[in-house]
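In structure tokens below, several structures.
What follows is chain A paired twice: with chain B in the first complex and chain C in the second.
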Partner chain A sequence: MGRIKYHKAAGLGAILLAVLLLLATGCQSQHRFIKKTAFKGTKAIIITFAAPVDETWATDISNYRVYEKPDPDIQLKIGSIVLSNDGRTVTLHFEEALNQNQPHMVTMDNIMSEGKSVGSAFVKVKKLYLGVLFSVLIGAMLIHNFVFTKYLGLCVFFGTSQKKSTAVGMGITFTIVMVISAMMSWALYQFVLKPYHLDYLQIIVFIGLVSLSVQAVDTILRKINPMLFKAFGVYLVLVIANCIILAVPLILADNEYNAWESLMLALGAGLGFLVALFLMSSARERLELANVPPTYRGLPIAFVVAGLFALAFLGFSGMSLF
Partner chain B sequence: MCPAVGISTTVMNGLMLGIAVLFVQVCSSCTIALVKDYIHPRIRIPTYTLTIATWVTVIDLVLSAYAPVAYKAMGIFIKLIVAFAIITMRLEVFACKNTVGKSFWDGIGMGLGFMFGMVTLGFFRELLGMGTLLGHDVLGFRPLLFFALPLAGFFCVGFMMAVFNYVELVFNRMKKKAG
Partner chain C sequence: MDPVLIKMAIGGLVLLGCIGLFFGIGLALAAHRFAVQVNPKVEEVLEVLAGAQ
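What follows is the complex of A and B.
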């Protein structure tokens, strides 16, 4: 029974991941000589080339024509052009702020690279918002996994990773409470604390809010779905003792994320904790059968195993998706 | 437990966090001991949490003003002192039943214990990882750079626990022989 459940969950996760990947990668088609285009700030566009381009060509404003996709007749005025030292990156500075919600089209005539022309290019610059959200999600889940790369929530992590069933139950409960409390604290911070300059109260407010939302979930679940409560109720108390649930609102407040990014970060933090718990519990179930030296039995070996997992997760570091 | 892994990379970091925890523990112990007669038993846990959160805010603001470098190194861990189960537990077990004076010394004891653990971890990690102590070059070379990585904290804590287990094992064996 339990096994079927895991397979279903894994299948669903894989499909979701595939769809997201398709969405994120499927919407960019570029000229072969141009590696990347992106907005920078509110008034600039960055274009990265595959090889160094000539400075005389690159800094000549008349070689570029930029317009917003819906109205090709209105050319946007370029103020200045900066070429990076390695000659591969050109930054177009505009006189007015760009409307980044619309894709922009950039035409470049006769690109000169090392004295030769490589033809003209016509490329699209757009903000991959879905990509940004996806990278926040994956970042919180794997690249900056809260357990293995930020070393948070360890007490609960070691306490509940002895059995797979416990680990999955804790992970799911934690993810749900995490999302609810993070969204609530985001709203409270953005609409109450910040406008009234009460930022310094954030620790007190957030911890109160977290305990409150745990209590609320507890009460609501008890009334609405007693079966579910029986399965997950025990973990609810442990959620408060987990410092990740407090760390996420603090990170959201520090980084000024918007609502969707906050949702993704909270979801990623919860799922990352679930992944960490699942991996660890699988390893610890096998450890029960292993011949461990008596002084290392129990927690010490668990710490060493967690260290090995952390080493593996170090492989994700420095990875950037978009 | 989390900061023991995350930021005990040097003696200084361990010491700073130890001092912060000591401060929070002593202040909240005293506060709870002072007002314990006015707290309704049913809302005692939320009261403890809010008291701790207040003192953490105090130390957070003080450190960010007077020791910005150390504050940056410790990052979010200072704010997360709030979630230390050990402080709440001490309030529940000791401070709500004893006088202010007794709670004060209890808080000092607990804080020093934590500080000792953090400094010991930091000592080994800094010595083995960087070959320095408190920023001064002691060994002149770096024996195991690995220990300077933040994730080596997992291994260090594991090894330390194993050492304590070993000492306990040897002690028990000696006791058995003697008895």
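What follows is the complex of A and C.
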């Protein structure tokens, strides 16, 4: 009993540490006088100071220089500057929309606060990193759902979506296998394949890692939960041949994602598959009772329903978060 | 042949060999740790049956 408690505490501690690390990377400040920088809407940057700044200094456009980090030569044009009533927050309005995927650098000359100069500042404005991670997660789960918008993994999808309990079990197992194999593939790609120019082996290596992790889950599940193991039947082994589980490492390798983004993409893909399976199995359980024409019973009507779900998921397309 | 190509080929062989060795040992340990007791009579009965289906 005590051992289990200890493990739980250690797990919680690790998660807490990870969240704190993320927060620390997300909200760093670069100058002692500047508390916060952030994007606001599509065309503005907000800068919060530690103390009120002088209005004559703050509203003078020539005191600010802003550019995107990769192109220091191209200065962005500031349209107007608004100082808040308490004098601590400055909003820079730009004439054109900002590309928020790039960090922006802001230079402020001789910041004047209460008649004294507190020195120049050179600060970075970027999207909150947690926001990026969250948008990767939701993007993989709903907006680019692998089943309904990319039509991957349909074999397992139709095979295990007849009963809700099997569908949910399959979705959870799939998510676990996906996260394990994607993280292994990511590490192997970043630290072995890429530095030693062995990229040409990526498909073989990724398939190998997937099948090995499926084999491990198979061995462990057989002992831990024999009922679920029986319910999966042949489909657990079919996870090896699932295209989603191979697509994710290839996408990770192509887009050069870092560890957190990879984790979020793998989790999003797995949860997206779980959502798809759950929706489909709910619909198919009702179809069992519905008065379906005999020629359409079984798989044909399931394909029609999947098409309708795909149409519904089309509503998410083009959405962007943050 | 180009030594760079030979190096890449050997690198690939070493990499796949290492993965195989590592996961082979890992899976063997897992199979040992999570071994399931199967009644040997199940196998024997299946052996005796015709097995046409």
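To be clear about the criterion, the second predicted complex is superposed on the first by the 182 of 322 C-alpha atoms of A that agree within 3 Å, B and C clash if a C-alpha of one lies under 4 Å from a C-alpha of the other, contacts with A are read in each partner's own complex, and residues count from 1 in each chain.
The working rule: a contact is a pair of C-beta atoms (placed from the backbone, for glycine too) under 8 Å apart; a residue touches a chain by one contact, two chains touch by 3 or more.
Being a predicted model, the structure only gives us computed values, none of them experimental.
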Taking the superposition as given, does A:192 touch the first partner, chain B, the second, chain C, both, or neither?
second
| query | Is A:216 in contact with chain B, with chain C, with both, or with neither (first, second, both, neither)? | reply | second
Open item on the list: In the overlaid three-chain picture, which partner chain does A:290 touch, first (chain B) or second (chain C), both, or neither?
Closed with: neither
Would you check which partner chain A:243 touches, where first means chain B only, second means chain C only, and both and neither mean what they say?
first
A:311 contacts which: chain B (first), chain C (second), both, neither? first
> Given the touch rule stated above, what does A:227 touch, chain B (first), chain C (second), both, or neither?
Replying inline: neither
- Query: Just chain B (first), just chain C (second), both, or neither: which does A:201 touch?
  - Reply: both
Chosen between chain B and chain C, the partner touching more chain A residues is B
Interface residues of chain A shared by chain B and chain C, listed 200-201, 204, 208
The residues of chain B that touch chain A in their complex are 1-3, 5-6, 46, 49-50, 53-54, 56-57, 60-61, 76, 79-80, 82-83, 85, 149-155, 157-159, 161-163, 165-166, 169
Listed in rising order, the residues of chain C that touch chain A in the complex are 8, 11-12, 15-16, 19, 23, 26-27, 30-31, 34-36
The chain A residues in contact with chain B across the complex are 148-155, 158, 200-201, 203-204, 207-208, 211, 241-243, 246-247, 250-251, 294-297, 299-304, 306-307, 310-311, 314
Chain A contacts chain C in the complex at 188, 192-193, 196-198, 200-201, 204-205, 208-209, 212, 215-216, 219-220, 222-224, 226
